[in-house]
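Here it is, the structure, as structure tokens.
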Amino acid sequence: MALTKQQIAQRIAQELQDKWYVNLGIGIPTLVANYIPEGIEVEFQSENGLLGMGPFPIEGTEDADLINAGKQTVTILDGGSLFDSATSFAMIRGQHVQLTVLGAMEVAENGDIANWKIPGRMVKGMGGAMDLVASAENIIVAMMHTNKKGESKLLKQCSLPLTGVGCVKKVVTNLAVLEIKDGAFHLLERAPGVSVEEIQNATEGTLIVNGEIPEMKL
Amino acid sequence: MALTKQQIAQRIAQELQDKWYVNLGIGIPTLVANYIPEGIEVEFQSENGLLGMGPFPIEGTEDADLINAGKQTVTILDGGSLFDSATSFAMIRGQHVQLTVLGAMEVAENGDIANWKIPGRMVKGMGGAMDLVASAENIIVAMMHTNKKGESKLLKQCSLPLTGVGCVKKVVTNLAVLEIKDGAFHLLERAPGVSVEEIQNATEGTLIVNGEIPEMKL
Amino acid sequence: MINKVVKNAQEALQGVENGMTFMLGGFGLCGIPENCITELVNLGVTDLTCISNNAGVDDFGLGLLLQKRQIKKMISSYVGENDEFERQMLSGELEVDLIPQGTLAERCRATGAGIPAFYTPAGYGTEVAEGKETREFNGKMHVLEHAFNPQFAFVKAWKGDTAGNLIFKGTARNFNPMMAMAGKITVAEVEELVEVGELDPNQIHTPGIFVQRIFQGKGYEKRIEQRTVTPKI
Amino acid sequence: MINKVVKNAQEALQGVENGMTFMLGGFGLCGIPENCITELVNLGVTDLTCISNNAGVDDFGLGLLLQKRQIKKMISSYVGENDEFERQMLSGELEVDLIPQGTLAERCRATGAGIPAFYTPAGYGTEVAEGKETREFNGKMHVLEHAFNPQFAFVKAWKGDTAGNLIFKGTARNFNPMMAMAGKITVAEVEELVEVGELDPNQIHTPGIFVQRIFQGKGYEKRIEQRTVTPKI
């Protein structure tokens, strides 16, 4: 069974390490906050100027002056802090944020990522994505393995305009967990009940399968 | 009569304009704060992170955490603000400070200034002087016209290592007020009772004397 | 203390002309200079270049200027949520320069800080870096980015005093402090204008030196784009 | 919330070794990390490169490390008020790299902000620019300056919480916030260590993300270099 979006987030949450500052993109990445493993402390950074982002406010307490990068009303936890956009991206560019989780339209076997622009269609902009992928030490891409037409989004080479070059090291899809190194996707885990063959068929880029591939534990 | 240091400061204070932010260097420039003309508002910036610097504290109220760039205990006026050194020099480099007054060992007819280093002698460093002279729109140099040996400090060319190039536009000495333009010192005013000839004799650099030179009014 | 107070938005915007370049603070609709935007609409100035992280929504924020076709060019990092924007952009009426958000923030700061140019890794190898100088530092490629040159910056603060000192609230701070540094003339509108001495000098986010004009704003709508809440139990 | 608290200076300085590069906050003797300096003296580490605006006085601040000849190189903007410093410098025992104060501050910030290099007008045409790239922007010459690469940064704050958030007081802020951003490991000593939730998140000068270790300092002397006062009337 391919993973649901919630399950992709759940699997990514297992990658969190104690004392990490984490930036979560819009979409599936946002859901990661719901699955922080017991016994570890992480802090979420929102690039519009917030550290220690908490859950959505209780109805009636929402504050127009307290939003996240997705423009959603949020809260701030005790020990959090507020700052301007230049300081926020100083944190990101200066590699003070240990992990970035974001979505992608395409990822290539060399670690390139494309997630901001489809030529001929309305372009909304890259927001903070280019700063995040150019700087983060750890980038996990959360995405569907294939597009709606069933075509692979894990490619030999990105066809869309790039967001960053050679920066993605890990991809968690609805079918698999993969590591990118030496110019190839290395299969680490399969979604429960999904075969290596299915993953192979859904992957256009070079897929390295080394030994027995375990199922994910969720 | 040549001016006293207090009088040099007094003459420089006449150059202050309403709503100007001003950075005063150590020595004679510090005294300028005592002669702010009536009816104008200026604010003093201290490059260690203070705007709205006030007078020395009343004995017994001095605070180790509130000093000026000369490491003297000071006060902060209502409406003042505190900030870090990067922000302080953002103000200076970004030309938000309208006037810098500082001392000099030598000034040249092309506007070069030397005030931080004498080869072979102990070098204490330039502090913020290089940032100030490289950025300020208005720089007034407060200095003695000659050194202790009677040699001119207003030169054709600086002999000491430079602090900044072509940046000084006005010099107020114990003998004269001079403007630097077109590669020469232009004599604007004489100290009361000091003759043009005396000033000429004390000036090594090119001195332009155009018409009648008035005495300073103090 | 130098007094920066002007009566209202009208007085604050004196000198604004067609064809000028402005910076406008805010992230989404959070922390935007509502009063200044309304006054820009009233003035009807056109051919504007607006540097702002976003472009508002159809009927609020910079969307109001877009409706009246007052903007010639937008310099932003993200411009979704705006149908009129999309129409003008696709029809070629509106020029759009998209910039990585961190680069945008740093370019604003550089403008105010007298740094004409700096290197950032953001955008290297992408179309954002096309035609720009690139260079390796510490084994990593970087792009040379430059300061802006805006005539006016319009920012919105929570509290301000008559000397122009500003304090922002929550994430309404965002781009406002850097843009306040960057304007040749910086106009600050505040929810609460107080006398000097009422703000703790240690807590001021933007020192008054960066602000040329300040006024007490009025009628703040502070619209929320995505009202996300946890139900009361 | 991530907890950054360590017991004392001893624990905070674990990993400090001979030959390392440190940043130390403070301007003159104002806002210097007194406890960390004392512990560096106790540890007896040598061949240090110290990036600090000043070098203390003979018997206080970095002067204590100079007395013990623990410093190989000072990177500062102004180093007066210190006889031992002068002796070591003139005898060639001590290397000294003098940097314009604004360039020093901006290089510290750049280090923490992931900006490998930037242009500044300061020092153009002087010996400070010798051997450095220069370039014209907007008709004015500028010098290319680079980020540092310190292993540790030692900063002193007024209040801090267990998550590493810092608030500075008065002009004791100075270089501390930028240096806090720049350390691979940043150690903050504070006059008052409080629980999370006690500091207003809107008033924090240095967000905890920049601080790896924080401890309650003790025995602050806070010596005044130039006690200038107005007599009581």
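The first chain written gets the first letter, and so on, giving A, B, C and D; residue counts start at 1 in each chain.
Here is the rule we use: a residue touches a chain if its C-beta (ideal position, glycine included) is under 8 Å from a C-beta of that chain, and two chains touch if they have at least 3 such contacts.
Values in this document were obtained by computation on a predicted structure and should not be read as measured data.
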item	value
Each chain counted as touching subunit A and subunit C at once	D
Most widely separated chain from subunit B, with each centre as the mean of CA atoms	A
Pair sharing more residue contacts (C-beta pairs) when B-D is set against A-D	B-D
Centroid spacing, where centroids are CA-atom means, of subunit B and subunit D in whole angstrom	28
Chain centre separation in whole Å, for subunit D relative to subunit A (CA means)	36
Interchain centroid distance [CA atoms averaged], subunit C/subunit D, Å	32
Inter-centroid spacing, subunit B versus subunit A (mean Cα positions, whole Å)	56
Subunit B, residues touching no fewer than two other chains	76, 82-83, 86, 89, 92-93, 135
Sequence positions of subunit D contacting 2 or more other chains	106, 109, 113-115, 120-121, 168-170, 202
All chain pairs that touch each other	A-C, A-D, B-C, B-D, C-D
Residues of subunit A touching subunit C in the complex	46-50, 55-74, 76, 82-86, 88-89, 92-93, 112, 122-131, 134-135, 161-166
Partner subunit C, residues of subunit B touching it in the complex	19, 21, 41-43, 45, 51-52, 76-83, 86-87, 89-97, 135
Subunit D residues touching subunit A - in the complex, by the definition given at the top	1-3, 109, 111-115, 161-163, 165, 181, 196-197, 201-202, 204, 207-210
Complex contacts: residues of subunit D adjacent to subunit C	106, 110, 113-121, 137-138, 140, 142, 146, 167-170, 202-203
Complex interface listing, subunit D residues touching subunit B	27-31, 53, 76-80, 86, 89-90, 96, 98, 100-106, 108-109, 120-128, 158, 168-178, 205, 222-232
